[in-house]
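I've put the structures underneath this note.
In what follows, subunit A forms one complex with subunit B and a second complex with subunit C.
Up next, the complex of A and B:
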């Protein structure tokens, strides 16, 4: 656990395993559960009309530490959380002889939409106080109702569209641009313009000769994207009644947490956020802030390019479009 | 002339946001209805809902609370929830709320959320996020979710308590601790019984509870009973557009009340937390032994 607690908490690892998933009592193929990605893909084309999903789970807790520690009345529960539907349900687990805890987690279709998070928490009595949180897993599972292959999704959705077509009326003003970044929705989207001559061919090209210009263009797109994400995220920050900025949650918070260390390296994340919000509300132009944002965007762009994932993803999406 | 669309549709945020220019938000330019109608689509999984009963509610709200728009919240929240009969999965689609705010009832958004002019912004305008925004800020989503998260089974009375207090509505609604029904009900009980009825008090209470929730598992101390999804579903399907309640509170889905013992337990715990919480403007009076 990362936070500081005013009482002893578990040091050893707490872990959750999903052993089986059933949709309306029919077992889900094992390939739909990915332990390495910690994701369950519940969306199957053949069975879109399911009502209830049941996950059989097993939680492992550091048993020896628990036995010798100061905790009593220890219980273990699985917690299902989806922000979009505001569902947070706790399922208590039952101890097994081996020291692990087992139980079932139930999802109702009407109460979930996209990606739900499943984590485990250990609770006990410490120092005379009941119900203290003493351990949780660092790595929650994602229960995905949308994806058909289990993969964790982070970052920016990328789509190739024709900016001048009727269906994308909101992109019409940008029809002469090669790309556009949209930050208005629940997840940010990078639109690439199919109508922009040569763009698709260049990004989709596998030729070595195109590699340099490809990389240059990609880092340009990435830098643009990160700058837009950051600006939009910063503008969504609200302040509490004492004027302190609050983390906005979701991709906006992820973006800020990712980029702030490069923008204000000497500040803690909380202080950096405060500093940025203050600077932007002054009417002096923010000093060197915008230069720093561009720098941080360049760092992110370099990271994504070096990882190669951005390039491959773009190339793949261009090829899929061709088929 | 009936300029309102017949059905409630889904308007993607990216299509909606482009129309919310400064001029539109300041009420100087109309919202381009034709462009919106081109971009709006039926919700993929939802039965079509007619807008007529929603319009009736909105008109009545503006009549009743003509000079005090804030007071419309406790009246409208349960009634909007009762008329729409959405599942949570449906309500999670921001497109419905966008369409409601931009196309079906933009007059309400301007009326309820008219901004004040300030030195920095001499022309008053409506905040963009009242049209297209997160569930706790968007003009209609906040009312629907307040009703859904603060009702006690079929009983909408706690929703009225929550919406009468803008601090609860603005602060508590966005906190994950209130997703646990006994926690939400215990907070509202302290607001209703006068312990924390003022804005500052309610705010301090909610923050104290939220802070305590980072080390205490309210779910373990005060377990909830799972709401009955079948009861909710049959309520959601049982729509009757002619049945509008203007005076009496409607009844919500009968999907199970919050366990009383759990609410009692948390009420006492929160009462103690609140006694120690800093309240702006509250003097700390030390008793001399």
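Up next, the complex of A and C:
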């Protein structure tokens, strides 16, 4: 998909910098703000009852381009948005010196749930029309209310637990399994069973001799996980009022976007999503869809490479025994 | 003129010496005993008035000269070059070994010269001010300058020395050729103010002799940056002719005088001229009759100083070095660029090496102020520019300033906060101390470690640690590795030795680290000086210190809590959930580019280029036009017409039927105004291709 603006827009980069974050007027450690990850973590173990977070921001716009361009009445605003709550708050910024704009963004805790996005927009008058969007931050910030480290949460949470213990009652039915995948909530979790004899020792082993078995096992776990994630994600796809499927956002959308190109390679992501939703709602069982899902999960889990390595190692050790 | 009250005796003694007269000669002339003259000079007695008049006449001074202690004017006519004769053993020096220890570029020169000025700071409550002036001379001004330098006397020596096959000789002959061909000469003047100046006697121990007469004599102690006496060699190495003129205002009087002490020194290789062999070095001054005609420094008049372009800006003590014929940085290109390039090089070198010395606190003045100026024939080419540490090194300067103002914090919460922690250096005892008194042991020095977030706009590379000691000159810059993902970029500064404080332990660390520096003063490592001076274990202590400083930075930079993730990291790699990076060659048709505009009747007119993956079967797709919305999939609009331009055909129901085997195709479309959800002018248009369902 390509976009067209019916008026001239900024070509140069617009960028937002977060200079400080305060929870109820008490600053948080600067290491909770990561410019490279474009993430702010607002969760501090000992301060869970805060009400407002104030972010001091500075936006940079390509000043030379703005000065020489056709835009007038240029203003700059920071926009806070959360998909889950659909809250959208706009904060106008004030010009400082040389092409930068500063201001404060106030985040009220009771209006947000988990992760809000913060982006900057440049607005001006072009061709006699006021308030036109002429530039925006290509890479919005994530303000994570629940994270304690400012890293983008793009992974499956992995924990070792004892499946048979009383604390993990929900895992009791799976107590004989080596692992289990939980896809409920904002972050999928992979539980690894501590009680499964030898599993922890094998995965934690640093011995070179164990490496090939380890890799094969990891691929196996990963393939299971991806399959589960995909099924769960597809189920969560909603359709809009015209019957078009909507991307579900979060890890579910990322899962689909990672796997769909391997499931239906000759479809664009939008077309592929539509196709899958259609096939699943038909009565024919989805055709070869499930085969394709397993293929895509194997690609993500690098099964081919890791199984190949294992087989070669096995052959090697067999030869050694023959001698 | 600043002049100390001086006894008649000391004055008389000096007048006799400068004229090369003995006490006996004066005694004979005045018809008095030698003992009487000796008594006058030692101050035990004073001559009667008529004797004083006779003395003045004998010395060729005006009447009353002895009362105001005026001097025999050092007549400019007496000034000349003295060339040291060759060694009797036939030894030849074909260059100055000390000069070879450094690269002869402006960066090194600025660093070494400024370091020397910092070491010679006179009033420790005020900064030493260093001024670099580039001055290009041509035409008449060049002629007058060379005349004052007695260039004619030198010329034959230059030609003779340039003949030799040494490196110095080649540089020299190149310099002479450039002077001839270009008819211009670039002078670099380095002034310091509020510095000690070249004090001390002509030949005996002192600053003057250390700089003018000796090699490898550093005459330094305490927090001095330099300790090898090598730095001054860079002054001579920077001159194509090995020629440096010096003008000093002294902080403590010599011969009762402070102002306008001048001398020139020339470092040539061994050469032979008119059957006479010369060792190389030569001095411009007045002949010293007591030293067989050696040139000694002279107290110049203002006019001479001006003609040598050595006039100082104020009466404050300090020295002006004039490097005659400084190496041209860019041999090619026009001279306008040359001065600019050299000017920028000097500013950059001063900012890179001395930013911390130039930082001031609320109640602590900077140690150094530095400026650079460029002139051509006394006309300004680039006005005097003060090197501002906050402009060149914003985040690091902020860190040092916060330390000076005691404004550091324990935790970084804002992008301009500075955290201060300490790094311990265990200074081992010196070997002598251990022998001398038992029990003299290791002392622990607390170096100051400052860490601050790097400025976004700064062009410095982030995540680095800069180390320095007493004079706050940058000794080294180290990369801090092994940082956690997402840690904000930072700059760190380590203030060690007397940069951290003034305790005995700080002083001990200062000495220790100075011993650990190589001649370039750019590292703390195992040196011969270190192993020779300190007890066993010195190298280990230094290694520990080097590791501890990096660990100290990491401790501060690392996020305070990290969740232990015991699951194998290889599994994390397989379960990464970030959105995939865009596929550069997708296996489905994509819009490669689109252009278009809104026509006067309000319709979008677009032209789109489609990229097609290879496939035997034809692709059939439907072009879609949507009006973008802030969230969601956009609002559909319809086409009033779609036309194929190349690589495709348009079917009756408006689908695109791409030619089999084609890799690109172009189509045009015009939107149906009536179907627009809003006026075209007020919305972003999106063009896309979707799979064409067979419409039944």
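Assume the second predicted complex is superposed on the first by the 269 of 323 C-alpha atoms of A that agree within 3 Å, B and C clash if a C-alpha of one lies under 4 Å from a C-alpha of the other, contacts with A are read in each partner's own complex, and residues count from 1 in each chain.
Assume a residue touches a chain if its C-beta (ideal position, glycine included) is under 8 Å from a C-beta of that chain, and two chains touch if they have at least 3 such contacts.
In this text, all values refer to a predicted model and were calculated from it rather than measured experimentally.
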- Message: For A:169, using the defined touch cut-off, is the partner it touches subunit B, subunit C, both, or neither? Pick first, second, both or neither.
- Response: first
- When the two structures are overlaid on chain A, which partner does A:110 contact: first (subunit B), second (subunit C), both, or neither? first
- Query: Taking the superposition as given, does A:87 touch the first partner, subunit B, the second, subunit C, both, or neither?
  - Reply: first
- Note on the structure: Comparing subunit B and subunit C in the superposed model, the one touching more of subunit A is C
- Message: Per the contact definition in the header, classify A:218: touching subunit B only (first), subunit C only (second), both, or neither.
- Response: second
- Could you say whether A:39 touches subunit B, subunit C, both of them, or neither, answering first, second, both or neither? second
- Message: Going by the contact rule set out at the top, does A:185 touch subunit B (first), subunit C (second), both, or neither?
- Response: first
- Task: Determine, under the contact definition given at the top, whether A:160 touches first (subunit B), second (subunit C), both, or neither.
- Result: second
- Query: After lining up the shared chain so the two structures overlap, which partner does A:6 touch, if you call subunit B first and subunit C second: first, second, both or neither?
  - Reply: both
- Starting from the residues of subunit A touching subunit B, keep only those that also touch subunit C in the other complex, and list them. 3, 5-7, 129
- Note on the structure: Seen from subunit C, its contact residues with subunit A in the complex are 411-417, 453, 456, 485-489, 557-563, 565-568, 570-572, 574-580, 583, 586-591, 593-598, 604, 606, 608, 613, 615, 628, 632-633, 680-691
- Item | Residues on subunit A engaged by subunit B in the complex (per definition of touch) | 3, 5-7, 52, 75, 77, 79, 81, 84-90, 92, 106, 108-114, 121, 123, 129-133, 166, 169-170, 173, 182, 184-186, 189, 241
- Note on the structure: Counting only contacts in the complex, subunit B reaches subunit A at residues 12-18, 35, 38-39, 87-89, 91-94, 132, 135, 145, 148-149, 176, 179-180, 203, 214-221, 223-224, 226, 229, 232-233, 236, 280
- In the complex, subunit A residues that touch subunit C: 1-7, 17, 19-22, 27-37, 39, 45, 56, 127, 129, 148-152, 154-156, 158-160, 188, 190, 192, 203-204, 214-215, 218-219, 221-222, 225-226, 240, 244, 246, 251, 253-255, 257-258, 261, 265-268, 270-271, 275, 300-302
